[in-house]
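One chain, chain A, appears in both complexes that follow, with chain B as partner in the first and chain C in the second.
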Partner chain A sequence: MASTSINTPGGAMAKRPLHFFYLCDCSGSMSENGKIQALNQAVRDSIPFMIAEADGQPGVDLLVRVVKFSDRAEWHIGSPTSVESFVWNDLQPEGTTLMGAAIRMVADQLKMPPMEQRALPPVIVLITDGQPTDDAASAVDELLSRPWGKKAIRIAIAIGNDADEDILRKFIGNKELEARCLLQAQNADQLVALIKWASTAVIKAASAPPSTPVGASAANINVPTPPNPSNGNTDDVF
Partner chain B sequence: MNQLFKSGASVRGSTSGSNYAVKDFIGGGGQGEVYGVNASSGDFALKWYHPETSTSEQAEKIDTLSRMAPPSTRFLWPLERATSPDSAGFGYVMDLRPREYKGLTDLLNGRMDPTFYALCTACIGLADSMHLLHSKGLCYQDINWGNVFFHPGTGNILICDNDNVCVNGSTATVLGTPRFMAPEIVRGEAQPSTDTDRFSLAVLLFMMLFRSHPLDGKKESLIHCLDQQAMKKLYGSDALFIFHPTDSSNAPVAGIHDNAIAYWPIYPAAVKKLFEKTFTDGIRDPKNGRVLESQWRQALSHMRDSVFRCSTCKRENFYDPATPGAVCWHCRKVLSPPLRIDINGLCQVAINYDTKLYPHHLSGLRSRYDFTVPLAEISQHPQNPSIWGLKNLSQAAWISRTTEGAENQVPPGRSAILKNGLKIVFGGGTNGVIIWE
Partner chain C sequence: MTSSDTVSSLLPKTADIINPMTWMALGESVRGASHVRHDLPNQDSLDYWPDTVAKSVALAVSDGHGSTKCFRSDRGSQFAVDAAMEVMKELAGRTGSTADQIREIKLLLEDGRVARSIFVRWNEKIKADLARDPLATAKHGEASESVTAVAVGETAGTEGGTGTVLPSTPNVFLSKEEREPYGATLLVGLITDKFGLFLQLGDGDMVALTDAGDAELVFDHDPEQIANETKSLCGVNPLPDFRSKFQVWSGHPPKLLMLSTDGYPNSFSQPEGFLKAVSDIHGILSKGEDGELNTRSRLRGWLRSASEQGSGDDVTVGVLYRANHDVSHREPADIQSGNRAALPCDQDCDKDRRAHANDEPPILTRGGFVPPDTPHRTALSISWGSCFGPFGCVCIMVVVLGALGAFALGVGVGAFAGNRNWFSHTSQPPLSNRDDVSQKPEKNRQGCCNCSGSGLK
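Let's look at the complex of A and B:
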């Protein structure tokens, strides 16, 4: 590593990449009740907090990618992007829900290579409001068949009441973790809180679990407690 | 976004009854959020707990801590608990961290380039602070890189997040932070105590000086996914020092752990011995194997005393009599030994243009490590700046003796001109000899 110091010989401490994936549902139903606007705003607002979180973890190189899915799944941000350079361009809703294709794109990226020899557990955040229109179950199987997919911290945020909870449960892949990893946003405030949590507390848990309350150590669970959904403004219902 | 308080909200101090107006959001953590607040008595910081951490035990702890005097001014100590008419739960008020103090994470991210002298000062401050905290029978529980702030120019430090501090031996409320927790906690065999604080302190000192982790070597390089399970082995069951004196199976790997490799040859042997002890004996024997804070303070003070500049490239190096012929880390030229003062044969202080001597140098080892009031400093002759002297800043006269036998009084405010072999009698049995070779 090249030295960045003048006064002493060393540079920044050695880092491991932490790959963070957003999988965002852009199907037509996301245009209802301001859901896509809330998602766009929530992710954009979370970026400074995400940068601060990465900054507080000197051994972490936080790299962000985004897949959007509707009639097709495609990279919204395709190359691993340093969180300092992460810029959010609004998603537009249209069409169906090819969630399986999106999960497969991430599964492909978790092969070695392109995954590095040394990394931190990836974080995959799946945000959806509906039912997949393709074979998402086999895509989840493919994801979980990859060692890095299995090691990934997988968070599912269901917007409203119409998301396919069965497939989201399969995506989480661990009954014990469902209460922490399968989350529901009933309004914009809750979505903001959950996205902020997923892009900060979960990143911290992936790189170095926060100070552990005594008594919580027995469970080998790498996911912090999510924010309480009842904190939101219930006037603004999806 | 979704912060617990908006600007303009108000909280009330439970002891003083003062109102604190929320000004701005400073940051969030696992336990709560921190805000800048203003009261009639000035600006402060407010930490407000998340609902899940607003327990009655935590409230009681804040009340207990706020009744105690802080171990030193380096601690941003809880001043009083605060409550709000509009929000459930509670928080506490503490002094605000001045903006010029930066997180240690800036150092480890390579965004700060302090001198070795400032780094040593920070390490001494940290060891001294933990010594003072432990001397009060308290335990910090969660020493890590997020709790210490550092002034890059002076090396002064501030310690925050003191709300986890508890009486040593009482039930712990946190286990600590991964990479800093003692191996016996990682293995689930112990709870935080002053013994485990000593391990975490040594990890943080190592990270400050080496910008590397003392257990991250070959074993870490072979781990694909550094998850919780892998960390439990690396920092718990299989913990092995990267510079273990007899077992090189976890040596640092070039291309990954370059900082550890670069810094290890530079530091004096005495400090490296302490790291060896803590990370070898101290892994097996938490009680007796770990270096005490006072030992760190002494060794790190000696290390800071040995800082001098290479005569060729002017970079700071450490003078170590145990390694004659050492080369400068930067220009690789052999280092000429610095002008220095030997004090009672116990320590040698390299003399730079800004060197000062403190009570622990001149009044014996039992003196406080108090860097606020120097007893001597390097000075220049007012008429001839090429003549350097040691100025008496104490209250009593010294006596200087040249090698030719000339003896002079050095009253307070006057300086003894530095010459090779000059002996200075400071009083109280402390003598210094100037060495210039």
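Let's look at the complex of A and C:
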């Protein structure tokens, strides 16, 4: 949010934008075993923690957007929304899995403009339970061809065992980061824990990134260690 | 090494060089709000030379990376500005009035020897630091192949007497592993009455305010440098990443040159806002000596405000500007002490320190920069600052008449003596112009009133 202070030289000042994207699978398979209910609950429950995390980061304006994809990809929250105003409306499952279209929508938003030079590294969290039904591989290529797409922190959460791991690996784009960025939720508790982690610990890491030499590493952010996947009720699997 | 297309290819003859002009430098560095929150030091560094009006002035700022691997980057940034200033002083010392001498310096810049000399010295300083304080895993003496390839085969010095600008240490470069803890950016400017020399490695911005009043980036933004990734002195082979420009003042030189670490431009919601800041600061500076004193006493507060309302990062700004008012009636030492004694130190610096400790917003008293939420401070500031402001004449008259009256009554001697502190040199111990003084005792020092950014006047 820009400050309108006139007490200092120059124009209005503002915290640096940190763009956070959820890409949520709403295909028909998400209606099975309570997956969509778990996803809706997990995101909704994570919001207060997200707000608290953003509050603790000077110089950061956390802005949330959400893309849902099934038979088509569309913005669930299309405007960059300050986390304090972030309200979660439940997703409804239906149809196929146009994951590639959803990734392209985010890739378009990572062009410069609309991205600002001064932005912090974006965070993209892709949540899916199945196989894409469109050309997701080329969409990932497009995302990674964008400077901001390449520098984004990309987290993939597979719900259950049926997600396409190959495309998720391609989305992560860095073998060294797969252990921390390619995650699997086998039950609702694990999904809650992973979404909470992505919306707090990852945001914290993205909020205060130290400067690093260009090309020093494929990822310029130290992605924190995700929660232990063995947590949760193992009897209640997806 | 890339060079400006706008650099004058045809140097003017001596007779074409415009009349000598004088310059001054100023600057401040503040610890970022985020660094305060996370208990990190200020990893930026700043130095300028000299402190007085001069025909040649130099300025360097550097931003230490602060990453886990760059755990000594606060030292690295200090070494970078130290190295740069050594080289700039040597270049300024060899500045003559002939086109040949100017052409020689231009050549040193454009063939990369200036950048290389700075890099060599930065390596030497790291080497000395490693000797004093070794890294647990450092592999001393293991030179980086890629960088060494640049160094080996080059000869010391240059025909025509470049002397020490190019040290005779062709294999001095440390390995990337040894340099990495000290990783930092570097921006350098040298301005004389004849030419300007500009050098940049990594992020941050260098802005020139043209004679027509347009604020322009000296180097365009590098599209690779986003998301806190930057070219660096600790890169695998940093020498080709230096960008340089050389400009002979065949017409009007810029009014002002500002160098800043990225914490300052990143604090503005729009890039234009940052460029406007350059114009605004010049607008205040150009109000004669009063404007200069005002800027010097306000700059720290402005930068702190930028970090708190904006990026949260360390913020460092250095300025070289045309000293366009008549200073002939004041000796350089007076100007220097006057700048630093803009506030009566024994009173207001203590207030300022308290203001800093409480993270209060900057108190800006002139040029319309008065925060609306501090009316009591406004009243106080008019009292102290009226010598400069639009109410100055009235207040001066009141003060002078009061003092004369008191003097006539024989009771105003003490107050009169106290007010003489306005332009007298302070005996307070010097403070660094970087926030974390303890981190950098050898920093470019300024007087007591350097802590006056919050500007309790």
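By our rule, the second predicted complex is superposed on the first by the 211 of 238 C-alpha atoms of A that agree within 3 Å, B and C clash if a C-alpha of one lies under 4 Å from a C-alpha of the other, contacts with A are read in each partner's own complex, and residues count from 1 in each chain.
The rule we apply is simple: a residue touches a chain if its C-beta (ideal position, glycine included) is under 8 Å from a C-beta of that chain, and two chains touch if they have at least 3 such contacts.
The model shown is predicted, which means the values in this text are computed figures rather than measured ones.
Colleague: Classify the contacts of A:S46 with the two partner chains as first (chain B alone), second (chain C alone), both, or neither.
Modeller: first
Colleague: On the superposed three-chain arrangement, identify whether chain B or chain C touches more chain A residues.
Modeller: Looking at chain B versus chain C, the one contacting more residues of chain A is B.
Colleague: With the two complexes superposed on chain A, say which partner A:A193 touches: chain B (first), chain C (second), both, or neither.
Modeller: first
Colleague: Where does A:V87 make contact in the superposed view: on chain B (first), on chain C (second), on both, or on neither?
Modeller: Neither partner.
Colleague: Under the contact definition given at the top, report the residues of chain A touching chain B in one complex and chain C in the other.
Modeller: Overlap of chain B and chain C footprints on chain A: residues 3, 5-14, 16, 56-59, 112, 117-121, 147-148, 151, 208-214, 220, 222.
Colleague: Which residues of chain C touch chain A in their complex?
Modeller: 32-34, 36-38, 63, 65-70, 183, 185, 203, 221, 223-232, 234-236, 262, 265-278, 280-281, 284, 302, 305-313, 361-362, 364, 368-371
Colleague: Which bits of chain A are touching chain C when the two form their complex?
Modeller: Of all residues in chain A, those touching chain C are 2-3, 5-16, 56-60, 112, 117-121, 147-148, 151, 208-216, 220, 222.
Colleague: Provide the residue numbers of chain B that touch chain A in the complex, in ascending order.
Modeller: 1-2, 27-31, 51-52, 103, 105, 108-111, 113-116, 119, 142, 145-146, 164, 171-179, 188, 191, 207, 210-213, 216, 221, 223-229, 255-259, 262-263, 266, 315-316, 329-330
Colleague: Tell me, which parts of chain A touch chain B in their complex?
Modeller: 1, 3-14, 16, 45-46, 49, 52, 55-59, 112, 117-121, 147-148, 151, 189, 192-193, 196, 200-201, 204, 208-214, 217, 220, 222, 224-225, 227-228, 231
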